[in-house]
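Below is a structure I'd like to ask you about.
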């Protein structure tokens, strides 16, 4: 919907051959849009790396991309609560970068260790959009949303067990945050959060978009 | 969190006297921030109108506000699906305006009447942020999100009966939209959607924020 | 319940040997009714193809059939939203054909790509019954139901993750459609949708039932 | 969507004045389509009867209609399980008649009194479409669907208490019927069932549509 | 709690060695109570058969028993709806027999094939207790309960998919039966149903308990 | 289903006039079966007492009965956990008596006061059937079922708040009791428990049925 | 269970007369234990105050108590997140005081206003037990639990709307807190939290129990 | 949060190498805090035992610990209901010991065998904190909580099937216990219960902490 934004393949349930073929076909379409694939299995990650040597591949994010990224457009900061939330945060970061955002990562900022959060507060104020990734009770977006006025997208993860209900508990918590102005994506949906964040960030004036780095 | 943003009173469960007193106290605080109250009962709406003649009161939105609005900041368009979704859409529009946004309202754009939606497509592209309000199956954000690339916040409403589950069905539908980049608020949470939309819209370059009107 | 309608074997949880034997036995019953099996595993699909060379076997639909189809009876058009919904749509198409319907398939008509839907609108008006298959938020039946007055059966699929709840979100959305006159089947139940569609379509006057093709 | 079909007002949450005004306005539109309103309160039923003396009003169905019905189109038979299911069955019957169907009512055919069902079996085979209304465990459609091959729409009602879950138990039961070919509407949605039934019945050849009576 | 009733081992989650050892130990306790094990894996069924040659082993019921059964006590008839419900019905029958009941089995009496049920009605009246096993929508107990006044225990099974919710739909349906006097066990709990049925049946006067056979 | 058993009116949602008329009509039917009504409102209780002076009316149980009870048939003991469970226990007791059972009531036997339960253990062993009524966590049937081998029907009540979920928590607890042989009714369904208990108790040999008293 | 602990009346669903009579009776029992009642309606609060002038009555907590409190036993600090959580926090404070604890109240410490929490951190370390009361997403206990090692009981409240699910969202969040060592009570169960806190606090060495004040 | 308390690694989802490396790193940090890991797979248990010969490893609890335990602090007694609850009870016991508690284990105290519970009542009164572990209906904490006034933490387990809902039924039951003063942890969360119990027990005066033994 913006010139230069990638076409996306959802690789879950596709064979490595199908995903490679789809990425190749998208790249050969007229108009030169980049191609992006998410949810790649180990096998598909390897097949893409072997067959498409110029692809950008991230084994934690389980994503691959081909072709030139769109013009730079704003900055997105991705916070994650625990080490188990890494894959979702990495998917967000990878996709946001492919949509042209400068991406910063801040890891392991659990609610139960508030000092780490207070230490990065300055960085948070500078982002054009924040994506906050957390599982279990999903309280991190509430705490961040009480400290900064930057647009904030919360992504619940399926991390946890028992009454974590595969991420429903975190998702419900985020939807009921007492810090107003937080919006929420589906469980583990780093991809959707990144697309939303990119749409928000690219509307910001150019100032913040200097660097482009995936931390 | 931005100079000039209102302080907010959640009037549900408070007596008319309590709400009037809180609004008055907020207005008298140093720093001259405006004051906003949401979820007013009929009785409280009347009490505020009587006691605070300079208050802006909206009986559909069930909101009241006092004091100068913050500096203009971007444009927000609020779409609603059916007439029963009006109060939530009105709350969104009222609050976004109090946060300094130019607000446009588009009503009665149900999924089951697609032509009405296609007729306003041009308007949708011009907004800095869209808020789409729908109950029952909550399909409207998916349709809109497939047509425009503007940041889009979906608000499920409790409109419906039986397996509408008081808005849970609409909320789940929105969270699982096949149109990527949609983010979601709690059921009937027009207030939260407005705060999020205002944070997004005010980051946009000034162009779009010319007019300021609550339709 | 109509002369010539197939007897059905539900092959899930049965061994390849059991399914082959059941199909063979049904064919040998007096009265010459055809035999149909659904939910065949890869192994059972192969066993049926090997043991019963005159069987019609569809590896995407995971179905097999034996014996003459009943007299032609109306036309059914099956729409599916995404590539992951294919197996359910294929099951619907296969079964409807075995119940004597002329079947047309329309693929990949997601809500998020409305132009594809508008392009086939003429075809939709001509069917005696529509079956609309969609996962995730399941919004496609609402959009189609707002455009055509043909009997419409919605089939939710288990496609999606997190709060898609294994298809419950799509099913609830379809049951609460703001487009009236939609009825709904169980999640992934292409078989049941086909039987219902066949019962509806065969009551239509003969005009529409000229061709008989599984696209 | 068919010439002559009524425009519909959902009167729940509207004042008597609003509903009367809407019905009157619909009747005065060019094209002479009839007007239908559902979910009328006692007060609104009375207001409509007083203000619009030519309206057809049904106080059990809580419906009202104005203007000429569309051309006759097929027959619909409505079965209900218990006395508490009457209002939903009455809504179905009223609306189907306004959509041009010949309607037959069969009452009090509980699963727990099978003989009553067996006694009307002949009648059931003659309908162009059946609507089966039941609450509590919602088993009646399964039993009927095992006996006849007529298109069958099941409507769960909110009748019951405790783990009847406001109709969810009946709705889930109907969606999982072991009798194939049953499709399901939302809880208490007699209106939607009637629209679906009318669309099915009107496709049937004219034979069955001789009489037109609301039992 | 009655002299001669078996001690029971729940073999799920135990190794074959543990289950064999427990059965052996129970048999060697003073007092000569029989020993019963349920939920045996394939491996454990084989291990028990090899190590304890005088054990009664049932590979469909996944049960094993050792030692003399208690004194005969009443008759229990077990009805099952579909072929997938067989293992649960078999568990019920096996356990009831080990508690001293004369057990009769009636298979494949689905709601969708009422004639099969009407054919065995005479047999049903003669039992001291009925156990009715069904999955999917679980309607069979309602139908049976409307026809006979014998104590009736309903056992929901996890047979089904999608909104069958692993047996919850059947369980809820049974708990809300419109036929009064039905009581319900946990999903797939053939064991618990058998113990309850045995307690009921053994209180009946001796007449009915002539034969003792597991069909 | 047994000569002399009452016909039953479910008075919820019926006017006092309707209930009085139904009871009178049932009494005047040939065959002289007694008539029973449950779930009477305060107003209906008064109307029945006034209009039918020979009716047996219980204002706690909210039941009324007319005509001769059936021949005595076994004894039922009803235990209740707390004072808020009284109405459900009273409904059970009233209905069981009308079905011909000798009924004994034991009140206020909470799990949290085990000594009261141990004090009545002897009485429990003598009943032909136990009905155990409890809300909140519904643990009482597990404790009783571990102590006696008498047939035991558990009735969850809607007593409790928050995560008691209107009785679902108690119902689920009872269905998962670690004491085998417990069967369960719907929430607050004292009527259904009584019918089941009467069917069980009347099969017992005559010994236990000497007295007939509602405590 | 400790000499001097109160006997408790749960006044919900009891008449004012019943509650007054029960409190009076408890006070007159031998052994001089105090008497406590919770969940009093406005009417019952007034009736108790009038009839029992020496009663301690709290209209926010909706509690009343009579007789000497038990010997002092440790200190309990009750934190609440928002003004709507006051009644639950007040119930906790009232009951803990009646169980002999020195009680401190800290109000309005929302997650979205972290500075207020950091300001009272010193006080929190001094308590023998903390009770943290919060609704909506219920994140406050996670934040507090990450800062102090004092025993911490979390009480979810029913404050919120839509997907707050009457307190279930807060309750689930608290049960899945990433701060280990938090335990949870039922929704709105200030009484249960107070009893648990009192049992914990009274085991602490006497030091902390100097003052006794309900803030 | 107390000097000497362990740092904890959550080994689920980590490779054996990662867990070994993390434990080693924690041990080498300045300050000499012990290191604890929970949720070790078989492979990781073996890897830790091989690589870190001074580690304390428990293959039932699936835990490992390194370094000196903190100073002794109070006594914790862990009760478990059935043999399937052992792993959770063992995790509780292991972790509590590593937090410095004297731990006593009482096994197999099911609700359905009350005599075993009554036999250990004396022991229960002596503990500084009780942890009660139970699955299925989770009734054991209610029974224990009615007998003793010691602080009691209930841990639901995922033991059970069908409507046990993976432990939700037990968790809900415990949260609604009619015995006041019980607090609850997440399903299978032996770790969290142990941390909470250690915080409670260590506040008790030294008397009870004489022995230190993991039974």
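The first chain written gets the first letter, and so on, giving A, B, C, D, E, F, G and H; residue counts start at 1 in each chain.
Note that in this section contacts are C-beta pairs under 8 Å (C-beta built on N, C-alpha and C of every residue); 3 or more make two chains touch, one makes a residue touch a chain.
Everything quoted here is computed from the prediction, not taken from an experiment.
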{"item": "Each chain counted as touching chain B and chain E at once", "value": "C, D"}
{"item": "Interchain centroid distance [CA atoms averaged], chain A/chain E, Å", "value": "52"}
{"item": "Centre-of-Cα separation between chain H and chain E, whole angstrom", "value": "37"}
{"item": "Centroid spacing, where centroids are CA-atom means, of chain A and chain D in whole angstrom", "value": "48"}
{"item": "Gap in Å, rounded to a whole number, between the CA centres of chain H and chain F", "value": "42"}
{"item": "Multi-partner residues of chain F (at least 2 other chains)", "value": "162-164, 168, 171, 175-176, 186"}
{"item": "Chain pairs that touch, as defined at the top of this document", "value": "A-B, A-C, A-G, A-H, B-C, B-D, B-G, C-D, C-E, D-E, D-F, E-F, E-H, F-G, F-H, G-H"}
{"item": "In the complex, chain F residues that touch chain D", "value": "10, 12-13, 156, 158, 166-168, 171, 186-189"}
{"item": "Chain E residues touching chain C - in the complex, by the definition given at the top", "value": "84, 161-164"}
{"item": "Contact footprint of chain G on chain H as seen in their complex", "value": "1-2, 5, 8, 128, 148-153, 171, 175-176, 180-186, 191-193, 195-196, 198-200, 203-205"}
{"item": "Chain E contact footprint on chain D (complex, rising order)", "value": "81-82, 110-114, 136-139, 142-143, 145-147, 160, 162-165, 168-170, 172-179"}
